[in-house]
Structures are given as structure tokens and as C-alpha cells.
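A short write-up of the structure that comes next.
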Amino acid sequence: MDSDMAGKATARVEEGQGARPRLSPRELAIRYGFLALLAGLIVFFSLATRGFASPQAAVFILQSVSITGILALGVTATLVVGGFDLSIGAIATSAMMAAAYVMVVLEQNALVAVLACLAIGALVGLINGLIICYMRVPDLLATLGMMFLLIGLQRIPTEGRSIAAGMTLPDGSTAGGAFSPAFLALGRHRFDFFIENLVPASVVVLVVLAVLIWFFLEYTRFGRMMYAVGSNAQAAAFAGAPVRAYRIWAYVISGVFSAIGGILLAARLGRGDIASGNNLLLDAVAAALIGFAVLGAAKPNAFGTAIGALFVGVLLQGLTMMNVPYYTQDFVKGAVLVIALVFTFALLGRNGR
Amino acid sequence: MKTTRRHLGRLAAGLLAAGMVWPAAAGAQEMPAPFDNPGEVEIALVRYLSTGDFFQAYLSGVEAQAKALGVNLRVFDSRQDAALQADMVDQAIALGVDGIVIQHGLTESMKEAAQRAVDAGIKVVAFDVNVENEAIPQIEQSDRDLARLALEQAIKDNGEAWTAAYVYVPGIAPLDRRNETWVEFKERYPGIEEVAQFGTLDNPIANSVANQARSVLSANPGIEVVFAPYDEFAKGVKIAVDEAGLSSDVKIYSADISTADIAAMREPGSAWVATAATNPAVVGEVSVRALAMLLAGEDPGRNVIVPPTLITQDMLNEQDISNMEELSQKLPQFAHADVAVPDWMPLPPRD
Amino acid sequence: MGQGAIFRIAGLGKSFGPNEVLRGVTLELRAGEVTVLMGANGAGKSTLVKIVSGVYRAQRGEMFLGEAPFAPASPAEAMRAGVVTVHQNINDGVVAALDVATNLVLDRLSGGGRGIFFNPRRIRREAREVARRMGLGIDLMADVTGLSLADRQMVAIARAMAHEPKVMILDEPTSSLSSSEADRLFALVERLRERGVAILYISHRMSDIRRIADRIVSLRDGRIVGVFEEKPLDYEGAVNAMLGQNLGAGGIESREATAPVFTADGLRIAEGARPFSLSLGIGEVVAITGLVGVGKTRLAETLFGVHPPLAGAMRIDGRPYAPSSPAAAIRRGVFLVAKDRARTGIVPDFNIYENISLPFLPHFSHLGVASRRAERAAARARIADLKIVCRSERDDLATLSGGNQQKVTVARWLSQPSRMLILDEPFQGVDIAARHDIAAKLRESAGQRATLLFLTELDEALETADRILVMSEHTIVGEHRNRNLDMDRLLADVAGRGLQGAA
């Protein structure tokens, strides 16, 4: 009986909803502006360049954003709890070095390498979270420090050398291990999807992680509590939420996602490069911030982040195909970010009031 | 040669020490001052670029030659911060080092810092950065020759007419010099059609270049040759070529070499067919040797050029070379450079 | 046109989109008179204040200051013309980073025609003059950050007085002051009145209004619905006009508790405070009252597991109760509607149903996945129950009025059965109609739990509680059954008599 009533009530509200979509042009612009812009870009590049409108092009755009996309999803988790993680790029490159080190120097198999990377990501995230929650270091500073720490740490085991099969170790001997084929397959294997060998493993990982984190944030109670913590931590605490635990978990998620990004990076490059990962960080943060503007969410959200990453990918690949020099690409990336932020803060802010 | 009071003092102290403790000076007798007492000599390496195998190998060459000479080495690493690099030169001056190797950097920021070092009576050599100073010898790995060797191989392999993509980021001195050669070649061989130019230094470079190359290859299906005159670029292009399944249609020519590069070139069906390289370790050794000659009062010359070597996929496969050590062993022209080697100069041990 | 009207508003209208907030307000203010403006939340008070103070511009109607038309384009312009507003949010009226003296003469500093150089001695001289005129007994060298709210309020008003205003608008000036602080404010208002300033005073508090009103104007739905100026003033008439209905005033049916739900023995919540005991029975509504700063919030938060008690034992249903966190308290069925809903109550980015279900998501979840359908159904029931005014349960909290936001936080904690429901100042910033709705719902649903209210306003306690406890200096000093209550004894307790008697 009771549920029946609830059902009726829902139906009534649904009707109300049906009558509602008389959105003003501004509301329409806020909600669908970015998606329309994305569609417009795709149409434009399809007409302007050869080879843009093909399944292969679609797949490699996804592939080009898969690593930054995964990092962006991780940083979204920290944005949701009102934090920030500047160490994601460095975690990714550290994981890449770790994977290479485990396989090439320690001569272990792919599974060990993957587990080592995930453990490093989780550990770094945990340390970030503990420093922020218990030592009360502001998030930006704590993760900035962690970024520097990791960039330095990457160099220690090999004394600054990049890691590749057959490399010379600091003690003069030659490393005996190599990247295992199973590991490389993470970056190179392609699944059949209508067309043979179409979808690379990294794209599959991106899509799976995006769906997972989206579901987690939108539909589970844990995700909801994380949003509550980010919106008003004190109110969440007074509603019984273990605020610190949620914060720490967000950094662990961010660390693990970054480590997964690093694994894919290592699998694609086939070696361990010393790198700061700063460009990965900037692109990922840009994607997450652009995500604020998608569907007028005005808050960090996984779907928006994925669209944000895709947006940057489409733009950069399209411009490259049109032979636009690299420095214009940085300019365009920055411009998109600024426009997205204006969308979020100016239009939405005014609308809310 | 301008001799400072400090040098005289040190010379006197050295002579005194040699006189009083005669057995210690026995082995160093043929060495010119100040290397008759090398433990008192301190040199600094001030770096602009340090990330990547090339720079790591360069450093190992510097270290090896410094060790062979028996001098103390201090390494300053500015990590692509031009202002910091200039500060580091001043720091080295303040520490009272005898000689400085400047490794890369920007002319604008290093010119004055280098002059200050020279004014302080410190001997300076510069690698791959033009500090516009008569007193400072330039160590060069001859980027023009590098590009020339790789492109000559491309002409040899593909004839005089082909469709090309070119990877280039302007504003980086060695890449600019390699670019000059590329421009010359395009003029000399009008059959070379450059349909796309791209490039980025976003790090990790190989990953970013791979993303770009994917787009370029699908927008320009006819590309036969990619000229990527920096090995990080070449690695990125190779990843893209593999991912696009074009390994048999595209050939990659590059510059520079590392163990990882060797592995990539030797992969079955690899599109990366040739590279021209100077052994970075040798360049490092030559840098220190040129500095040592200056300190000993000799003149290494205004430009000290380390000649490059062409390395092809076939060479690597035939001699079964899998890392830099084997490359040095099996291609002697790569392992040694008879540059800046006066008789007294001790050389690092060679396998 | 009344005599001596120094400021006139005629037919003022203002809409926000389709929402017509002011529908032709006509009002006049006279020199040396305090006009109290009463209105429920959403009646249009703040909009009216913002138009007069130059924040908004009216779409219809006119204003006159003296005989000249008055249409300020900015707050600065209104201020220069002699119409000064002291806003509800005290911190908008002072600059925390500066000292009192600089604050007092701040507007002159930023005005035109002054030298570039900052002369601290001259500033202090001018500030001293302002302070003397206003009888302001505050150290002029003190930083504003170190001042109490009341002192900041005084500084804000004195600063406004530096302009020699003709009209002053005070927007709920006592809302965050204790009663002794309010006394000082009233003394200041008295001085303003003597100086011939026309004052528009906006407030909910009957005690304030009784004390200072020369006339009362009631605003409802964007219109003036009543002007009361014949002495003695008809306060009830003004309230009724403002609410548009006759609320059944008067006492409540005081109930006796049956079995105890919560007991505390030897509880001590602050260093040096006297331990006290407390017993709350099932079905009763108990109000703890006392002045600001006597430890009411501390006690509420101690019961909710935010702070551990310094000493003493608590029991719920006979079993020991020592919550280590709010989460532990919630698990035992102890809920708190916290004071200051913006800080500790609502999640501003969440909509109504998300706010209501926040602490109880596990109830709405299977395997961690929350069922929005169930949450929404539960929220709709609460919305109907508490008469929350909204379009749907998916409205953002930011779109609701203060009273409705408060109803949402109460609705949250009524949405699941509890053993003890604690409400800390649940009627703060809530209009009378909303207050009646909340109080009625609390009493109606009180059957299976103990309900504990912390209230500074005695009126509110008398309206809602079966039993009234009085707190002073972090301990309980008196107990009164809300039936034939001895008001004198109650007031004496509030003033701290009980404590002195025991000492």
C-alpha cells in the first residue's frame, strides 16, 4: 500500500517534470552548451580534415586521452570532497618507473608489476590523505610536496637513468629483465569491436573506470557522502559521516587511478622514463574543471570529467590533423578551460541566485 | 694566459707539497699543473637539461673523465630553469671552483653569467649553448652532421622523392641547427614533399608525440618517411606507427641513441630504420678534456666538434647489439673520439 | 501626507522574473521616531531594505527624502544622501583587518577630496569624536577581530552615524546578540531617536518590538497590510496582520513523562562548572533555556557525541551511553538539529531530499547503492508534514527561504524514529508561521522519544515545552513545569539566582 502511494507520487512528479522542460535559452545554453560545442567541433573537423570521421580516429582520440582521462577521474574524487591532488602526474610517472623497475631490474612478471604500481598509488594516496586530515596541511601544499618528493624518488633506484631492457645498472651490470608481453599488451592489445583490432586496452580501461567512478559517485551512498563532505564538511560530520575517512579514501582513489594511468603509460612507451608528469597533471585538472560546465553541473562530476577529457582530445587531435603548430594547442587548451570556468562560475552562479 | 693570485698560491703550495713529500708526486710528474695535484682541482658541471638517457650518459662521461683526471666534480642541475642555471654559475664562482662546464641553456641568460665566471678567472667551456664569448670554447656534437647523416641515409633508402612528415619544436638550439640541414635538403631535393610538421615537448615527450603522430598519420595516409631528429620524438612516432598498423609503410629517421632506442629499432618490423648519433658519454668526456686543457694553459680551439656516427637497424641486427655498451664495443667509431687528447691526458678506461 | 515625514516611499514595486516581491509599498518615516517593520520570511522585507539602501533599483514607484526625489544608484550614493543601513550580517558592516578607529571613519577615507596620505593621528581624533557622540565605550585601538559581535555591531552603527544620517535602517540588529548586548543597542537607538533620526527597525523579536516601537508597520506578500500607531500599540494586531491569520496564542497542554529514556548523572561539561543530573522521559518535550554563552550548545553537542563530557555517566534506555562521535550517537538514536544551520546543518549543494536522507542513507541503500526513489518518497512525506514551501523535493536548498531551510533540517531528523531528539535554537531566523509549524510537528510526533530543545527566547520555550530547565554557567540551575508557571521565579533562574543560592 505504502509503496503504491509512493509510486503514484513519483508518477505525479514525473508528470511535473514532463511539463517542466520549457527551459529558457540561457538555461539551455548552460545545460547543453558544452555538449553542443563538442558536437560542433566534431562536425567541423570531419569536414575540414581527411580521416577525422572514422572509427579509427574516434578510437585514437579516446586513446590519446585515456591516460589523462583516468588521472582526471581520480582528481575528480578529490575535488568532490573539496580537496585537490597535485601529485597525480608524479604518481603516474612514478608508477611507470616502478613498473619498469619491477620487470626490468627485479625481473618479475606483469602481475607483480601491476600490483606494485597499484600498491604505490594507494600508499601515496593514503599518505596524502593522512597528511591533509591529521597533520592539517592544506591539500594543495601537501600534494605539491608529494609531487616533488615523487619526482625525486623516481630517480633514486636507478640513479637518474631511464629504465629499458638491457640497460646498464648503477653498479655496471646489465639488467636481465624485460617488459613482459602481457604487460605491454595493456598498452598495445586491441579488442575487436565491429572492426577487427579496433579498441585498444587503454580505452577499455578508461571506459570501465569512468563508468565505475561515475556509478560510485552518483549512485552509492559513499559517493553521496563524499559530495556532502565537499559541500559542507561540518554538516556532514553532524550527520554522522566519518569526514576524515572519506577524505582519505578520496586521495587513495586518486592515487590508485593515477597509478593505473602510469601502468598504461609504461605499457605504451615500453620503458620507464624519468618524467615529472606535470603535463599529465595539467591536462587532467583541465579535464576535470571543464567537466564542471558539462550539463550545467557546476560541481565536480565523473561524467563531466570524461566529456572534458574527450573535449580536449577532440580539439587537440583535430588541430594536429589540420597542421596547427603545438604552441597554438596550448593556447587553445587554456582558452577552452577559461571558457568552461566562465560558464561554470558566471552563468551558473547568477542562475542559482 | 691570465694567472690569478689564487692560482699562484695553489701552484706554490703544490710545489711545496711535491718537494716535501716526494713519493706522492712520483706518478704525476708528467702532468702539467694544476693536474700534478689533481685533488686540489675542483670543476663544476652546470646543467640546463638533465632528464633523459642522453643527459644521463653525458653525465657519466663527464664523471668518467673527471675521475680519470682525479679532479673533484660538482654537479649543478637547474632542470630547465634558465634563471636558476645562471644563479648556479654564480654559486660555482662563489665556491671558488677552477673550471666550469656549462651544459645547454639559453644564450640570453647564460651569456653574462659565463662572462662573470671568466672575469673571476675561472676557465669555462660550453656544451651545446652559444654564450658568445671568445674565451669560452664551444663543445659541439655537430647537429648539422647528425641531421645530414640521417637524411643521406633516407635518400639512399628511398630515392630523391618521397612524402615526409617532420617533427620539430622551434627554439631549442640543437633542434634549430638540425632544422637548418632539413631545410637545405628540401631545397636540394625538390622531390621531398613535407605534408605535415608537428612536435611537442610535453612530458612524457614520447607519449605526447605519439598522440600527435596518430592524428598526422591518419590525416595524411601517404606519408613514407618521418624525420624525427630527436630520439624522444622518434620513439613517439614509432608508437603511433605501430598503433596505426603502418610499420611496413613508414620509415623513421632520427638522431641520438640510447639502450631503449636500440631495443625499439631492433623490434621485428620496426619502422625506425636509422639514427645518427654522437656518443653522449664521449661528448661528456670531451667537455672535461677541453676544460682540462684550458686549465693546463693549452688551447683546445674555439670549436671542439665531436663527430657523429650513423647507426642503422641493419648494423644493430647484424652485430647483435642490444645496449649502449655493446654499441661502444662493436662500433669503435662510436666509442672513441680523438678530440682534445694531448699526450698527457689520462683517458677513462675502455672495454 | 503625514506631518514631519522625512522619508516617503510611494507605490514601490519590484519583481524577480515572474516572482513579484513588492507590489506597491507605500510607507513614511518621521524624524525622531522608530518605525518597526514586521513581516514573515518572504514578505519582501529584505528587498525593500535593499531598494532603500541602493543595492537594488525599484521597477515602479518613487521615494522622497525630504522634498527631493531619492533614487540611489549605489549604497554609497544612498549613504551620502543621508540614508544609512546597518545590515543583518554584522561582518558586512566592519572591516575585520582594521582597528576600531579606522573603521569608524572608513567611509570618509574612501570618499573623495581627501589627501593621499593616511594620517593616523587625525583619524584617531575624528574617531574619538564619533565615539563620544555615540557614547561608544570601546577601545579605539583594538582590532575589530578581537571584538564581540555586539561591539562590532556598535562600531557598524557608530560608523554609519558618522554620516549624520537623516534615515537609519536597522535590519534585525539583535539577531545575534545576547540580551545584555541588546540593551546596549537599544540605548544607542534611543540616542539616535533623540537626535531626530528617522529609524526603520526590522525585527522578529516581540521583546525588542515592545521595547522600542513608536509605530508598527506590517508587511505581507509585498504589501503593507497594517499600520499601528495609536498608543498603546496593538502588538497582537500587528502580528496577526503580518501573518494574515489568527494563530491560537496561549499555553499548551503540558504532558507528564512516562518512563525515562535518557538519564545523566554528575555530568560536567566545562572546567569549574557544577555537575548536574538530567532525566528525560518518553513523550515529553523539554526546553533548556538560558542566556547566550551559558553552555547550551556545549551541552547539546556533548549529548550528540561531538565533545566528551568532563565527568559523569549517561544512559539511554538504561544502557550506558558514551558516544565517541555523532555517528555513534546517531546509531543509538540520538539526533541533533544543530544551531547555525548554514554551518552545521544544510549541505548547500544538495537538494531537499538529499539533505533529508543524508544521515540515513544506509536505510535507503542496498549494497551501498542508494535508492533515490525511496529517498524522494520519504522526503515528499516530510515536505507535506512540515508544510515546506517548495516546487518539488528536488529543489536546491539555496532556493528556499531561511524558515523553509530550517524546516528541511528538522525534517531530516524527524524522518527516522529517534530515542532522543535534540534541537539547538531551532527557531533562529525563522518567522512565526514556520515556528508554529515546526513546534506543532515536534509536539505531535513526540510520542515515542524524548525531545530536548535549547532555546534562548523564553517565549519560544513557553510555547513549545512541557518542562523548562534553566541553564547558567554551564550547569542546570532550575526546573519548571509549564503549567501555572511562576514567571518571576523562572526569570530569576535565568538571571542566575539558582546558582548563587547553591553556592
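Labels for the chains are A, B and C, by order of writing; each one numbers its residues from 1.
Assume a contact is a pair of C-beta atoms (placed from the backbone, for glycine too) under 8 Å apart; a residue touches a chain by one contact, two chains touch by 3 or more.
What you are looking at is a predicted structure, and each value in this text was computed from that prediction instead of being measured.
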item	value
Far-end chain from chain A, centres as C-alpha averages	C
Chain occupying the middle, per Cα centroid	A
Centroid spacing, where centroids are CA-atom means, of chain A and chain B in whole angstrom	37
Distance between the centres, which are taken as Cα means, of chain C and chain B, whole angstrom	73
Where chain A and chain C are represented by their mean Cα positions, the distance between them in whole Å	44
Complex contact set, residues of chain A against chain B	49-52, 54, 56-57, 60, 63-64, 67, 93, 96, 160-162, 164-168, 174, 188, 197, 200, 265, 268-271, 273-280, 316-318, 320-323, 325-326, 329
Of all residues in chain C, those that touch chain A in their complex	304, 306, 325-327, 329-331, 336, 338, 343-350, 354, 358-359, 361-362, 364-365, 368-370, 373-374, 376-377, 380, 392-393, 396, 398-399, 412
Residues on chain B engaged by chain A in the complex (per definition of touch)	50-53, 56, 59, 169, 196-200, 202-204, 206-208, 210-212, 214-216, 218-221, 235, 239, 242-245, 258-260, 262-264, 322-325
Residues of chain A that touch chain C when the two form their complex	5-6, 9-10, 13, 16, 219-222, 224-225, 227-228, 230-232, 234-242, 299, 352-353
